[in-house]
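For reference, chains read A, B, C and D in written order, and residue numbers begin at 1 within each chain.
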Amino acid sequence: MINVGIVGGTGYTGVELLRLLAAHPEVDLQVITSRSEAGRAVAQLFPNLRGHVALKFSEPEINRLCDCDLVFFATPNGTAMQMVPQLLALGVRVIDLAADFRLSDAKQWQQWYGMPHACPELLNEAVYGLPEVNRAAIRDARLVANPGCYPTATQLGFLPLIESGLVDVSRLIADVKSGVSGAGRGAKVGSLLCEASESMSAYSVAGHRHLPEICQGLEQAAGQAVGLTFVPHLTPMVRGIHATLYAELSDPDAQLQALYEQRYADEPFVDVMPAQSHPQTRSVKGANTCRIALHRPQQGSTVVILSVIDNLVKGAAGQAVQNMNIMHGYDERLGLAQIALLP
Amino acid sequence: MINVGIVGGTGYTGVELLRLLAAHPEVDLQVITSRSEAGRAVAQLFPNLRGHVALKFSEPEINRLCDCDLVFFATPNGTAMQMVPQLLALGVRVIDLAADFRLSDAKQWQQWYGMPHACPELLNEAVYGLPEVNRAAIRDARLVANPGCYPTATQLGFLPLIESGLVDVSRLIADVKSGVSGAGRGAKVGSLLCEASESMSAYSVAGHRHLPEICQGLEQAAGQAVGLTFVPHLTPMVRGIHATLYAELSDPDAQLQALYEQRYADEPFVDVMPAQSHPQTRSVKGANTCRIALHRPQQGSTVVILSVIDNLVKGAAGQAVQNMNIMHGYDERLGLAQIALLP
Amino acid sequence: MINVGIVGGTGYTGVELLRLLAAHPEVDLQVITSRSEAGRAVAQLFPNLRGHVALKFSEPEINRLCDCDLVFFATPNGTAMQMVPQLLALGVRVIDLAADFRLSDAKQWQQWYGMPHACPELLNEAVYGLPEVNRAAIRDARLVANPGCYPTATQLGFLPLIESGLVDVSRLIADVKSGVSGAGRGAKVGSLLCEASESMSAYSVAGHRHLPEICQGLEQAAGQAVGLTFVPHLTPMVRGIHATLYAELSDPDAQLQALYEQRYADEPFVDVMPAQSHPQTRSVKGANTCRIALHRPQQGSTVVILSVIDNLVKGAAGQAVQNMNIMHGYDERLGLAQIALLP
Amino acid sequence: MINVGIVGGTGYTGVELLRLLAAHPEVDLQVITSRSEAGRAVAQLFPNLRGHVALKFSEPEINRLCDCDLVFFATPNGTAMQMVPQLLALGVRVIDLAADFRLSDAKQWQQWYGMPHACPELLNEAVYGLPEVNRAAIRDARLVANPGCYPTATQLGFLPLIESGLVDVSRLIADVKSGVSGAGRGAKVGSLLCEASESMSAYSVAGHRHLPEICQGLEQAAGQAVGLTFVPHLTPMVRGIHATLYAELSDPDAQLQALYEQRYADEPFVDVMPAQSHPQTRSVKGANTCRIALHRPQQGSTVVILSVIDNLVKGAAGQAVQNMNIMHGYDERLGLAQIALLP
């Protein structure tokens, strides 16, 4: 049993963390902070939690958080880095669901996030929390940078191909579609039902913050620079990411299906579907699963990988709980057995 | 641990039963039948169940079902009544999620369902499976008629008022809104996304099959005939029922909030919200909860009750599992602790 | 040909006015103002207008508006009343799509809108712009108060019953469902796709600002006080209002269908459907039509009226253009022949 | 003024044709056929047409159609080819909105559509009705094959690049997202609201019928074979296609924005947006417009073209009316001035 805190629990990753942690048998949820909602019952803000979470939001104070074994940050980018050094010094382990510790290069971080990094010395220590790549390092980490939603779906889709050297890494394409919850719970005109429903559009084609994060992961797998065109799209649904990935095979005889099945054989949360399947995002709604299917249209040299996750679960809160389980020696699947809600 | 079977598992109540039973610690799911899908893996039809349900659909044969302690029918109306007498004779207990055993009057049943009843002699034995009314009888029942979705939301909303004799029961109004999953998984034009989304309409105003079921329950509570106007509406969402109920108070000094809180104080799945709350259907999405809130606009004589459920959970599969728990002496909440998925 | 201006064109009633006026053969759109967007091309904010509207937003200055024959206010409540007296004095006619001039009682207005009225002396002059009631007065009006969306659907549904004295006006019920565009284009958490989609809820049951507006209209028709319970609901769709109206018949032999058909026989924008129809809101999406259907379930004394409109058209911009046509002697249907978009 | 007939008007392209033709000033709609709905009023099936279309469906008989100047086929694939030779022989011009005459190679047609072509001799005469390519030929055509929805968005997006020889045509990628109305009004489980909403998935990755149609058009423009990977996706919305197109530039100094603006300068229904725009499908909902925007992420060699249409308008019925206007010498824009409905 561990004592757990959440900093910044008023967004969608926050409420999703609460849903998962409230039902986790080894978690004692001690504190959840929010400057704006301090004093208010969590279940008043999120009525789905009535009867499940009795906590109130409190001010984000170190002396409340320092009794925790683990603190999750579900805050906007740039917040965690202000508090993390102090918490680590007090012996508290941290999983940051924002982007503060995802890039190992402080300059690059500043370039994409528009502010100097507050503790660049921690960037190398932080472990990128993609268990399918860094499981061992996560186990011992003090500080885990939980991956972004697009990067999770895209990397899990591309990794076996790239690790095996079977494709031309200089021209990868990721055409990725996200539900609107990826934009957060902030009151923005573009996220209104009347703006985002019954419509489809790309955005940030010139450059999205998840691009360097994805490239960093793919380059580590490739052992060389990669060229990636990444086009995110806003899709009229609440949850879900569908990554449609394109790459050119260098070996026309590659056995892709077997490659993927072997790569993920022992992964509890990656499901390689039968060849030529078409995974639906709803098949993982509320679940910590990434479903992947492979295609080679007309037996040509272009391989098409379909990779779906729930952006709030495997793309955020679920993966964070998975990392927590690894860090604390629990069964990696503990508290993550939810079956997707269908329909 | 009990052996459980499902007859007719290809609809939405079927897949929802599977979601709940697959995670239930005291259930060993033995058989699930479907004439049309016999031989096909359940998880192929419902990919959310990949990794959770290994069963295949089989033909609906008595000799497969007779080893079960309990069989759920998730079949169209008129199917269960063909097989139930034989199963009961073999000592198998039954919960029917369809309407075959909900009305105690065989003539009335025939009138509303358009066919003669196949085993009218069982109508009196069958227990109407609304635990908040019939818990004791359910415990000992061989045959439970699981309530309809509209009747569950409407009865739970009206019952305290009617049991207490505080309202004029000759003029009750239930304006009820249902998500499209209430229409089932059948391929009907009216249930297409392009027909049912971005629109709202009433239907069956002249008379809906759930009307006699609701009246039967309310009359039992009132000890007299009731007059109910029931108007169902098709709402552009997947899950959820929102019942807006209207009644005229005969006692202007009635303490309604206290009345409801006391009536449901020990009910694990009825949540009486603070006065003047506005429950959202999404606050119960995937959960077995009924949330109720009370209003008396402008302190007048008209009381407005808001009652929400997930039609597939408390309105179908969840309530069926609740009944199963009662029948078999398990904690009524076992396997039903899911927190609603929000957003 | 008339010169027309719009004050406050950045909301949904604004863009809908622009859609209708840009295609109106007798309108020369001269100016559209917005403090926040001044200098920006209208078609940049609303890309559906690219190629149709070349105007830019400008500052709301009287000296730009005073050359107009008619000015529409599509502003938040409380704005029009600051500018209208000056415009009227300059000979400009005004249609206010907000609530500033809808209530004839300044005290009541202050009570519901939370501020003193800036020009109470105009409340009696202002004509309530429901053409089906006030056509003659609209023709000569300097100032038209365009009705609210809920009041339009509710009054058109109830009026024939009430005018004819056939129902008990002391206990009317209006259970009304609105699409999210009724909440406007403001960035509010409750209007986010992730909050408002896949859910249904009532709101403002204790008292909504449209209640006194509806009562005022119904009382004028009844010649006496009315008792109305009005419960608005937020429905997961963009456009549309579905009013489900309940009343008790005092004459059981009333010929309701004929009554409605006669009452609206000459109305170009009210469509009385065959008895027992179920109008869908999508059947009026983008059109200036109100569709009405009548029911008497089980031939009882409760009459159920279903009334649907597009809240942005007959409930706002379309009705405003209809009023404009009446005021300026054009065919009332000019520029309003759009057929609803289905699917 | 021309006499017009529609064969097969019960689907979504049918009702959309009716919406456009009912308001077209030069069209006298004479007959609309449907075997299944013969005798029923069109406005009963499609209540948005109440008050606009007085016709009833009739049996599809040649002697009713032969008085028309033009007949539209809005039938399933394989139907038009049974009747078209006879109509042409009688002097009736034809626009087929299905696929019967889109491919010039009868063998290829049989391969993709699973039946032999009934009149292969007409395949060369039929003009592919993409006005932006074949305007002159359309003018004189007896038989126009109206393009598919995916092919319209994809070809208009790719054409300027390919005609100018600026990209490597051996590796083109079209990642295309379609609203559910593209699947038609047939009662299929996959098109149910409860299946298709709140989810995203690719389909037919192995090969979709629109692939050869697109390739045929692009190869004609390129003057050589092209290699295209085409991945269609089912998107949870009613209308709209968003094509995200990827190509490799052979000339890094190409002036793409100017190229597109010039190519489409005189096209009334293609709107080249400012560079780096992100067109939303809703910006063309109900309108006959194709909106295109160009991107070169990180100034690399991969060009990304975004192209959106309403699949039922520019992708079907609107383009058919545009072709009709061209064939009959009307202003190409006649009856097609509708502004997209937003929100």
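Convention: a contact is a pair of C-beta atoms (placed from the backbone, for glycine too) under 8 Å apart; a residue touches a chain by one contact, two chains touch by 3 or more.
All values derive from a computational prediction rather than experimental measurement.
Between the chain pairs B-C and B-D, more C-beta pairs are in contact across B-C. Seen from the C-alpha centroid of chain C, the farthest chain centroid is that of A. Our note on geometry: chain C versus chain D, Cα centroid distance of 37 Å, whole angstroms. With centres taken as mean Cα positions, chain C sits 39 Å from chain B. One inter-chain figure worth recording: chain B and chain D are separated by 45 Å, centre to centre, where each centre is the mean of the chain's CA atoms. Looking at chain B, residues 12, 181, 185, 194-195, 197-198, 236, 238-239, 279-280, 282-283, 285, 343 sit in touch with two or more other chains.
Within the complex formed with chain A, the residues of chain C that make contact are 12, 180-181, 185, 187-189, 191-198, 236, 238.
Note for the complex: chain D touches chain C at residues 12, 15, 19, 22-23, 46-52, 181, 185, 198, 238-239, 271, 273, 279-280, 282-287, 289, 291, 337-343. On the side of chain A, the complex with chain D involves touching residues 171, 173, 175, 177, 179, 194-195, 197-203, 205-207, 227, 229-231, 233, 235-240, 242, 244, 246, 248, 276, 278-283, 285, 295, 297-298, 300, 302, 304, 306, 308, 343.
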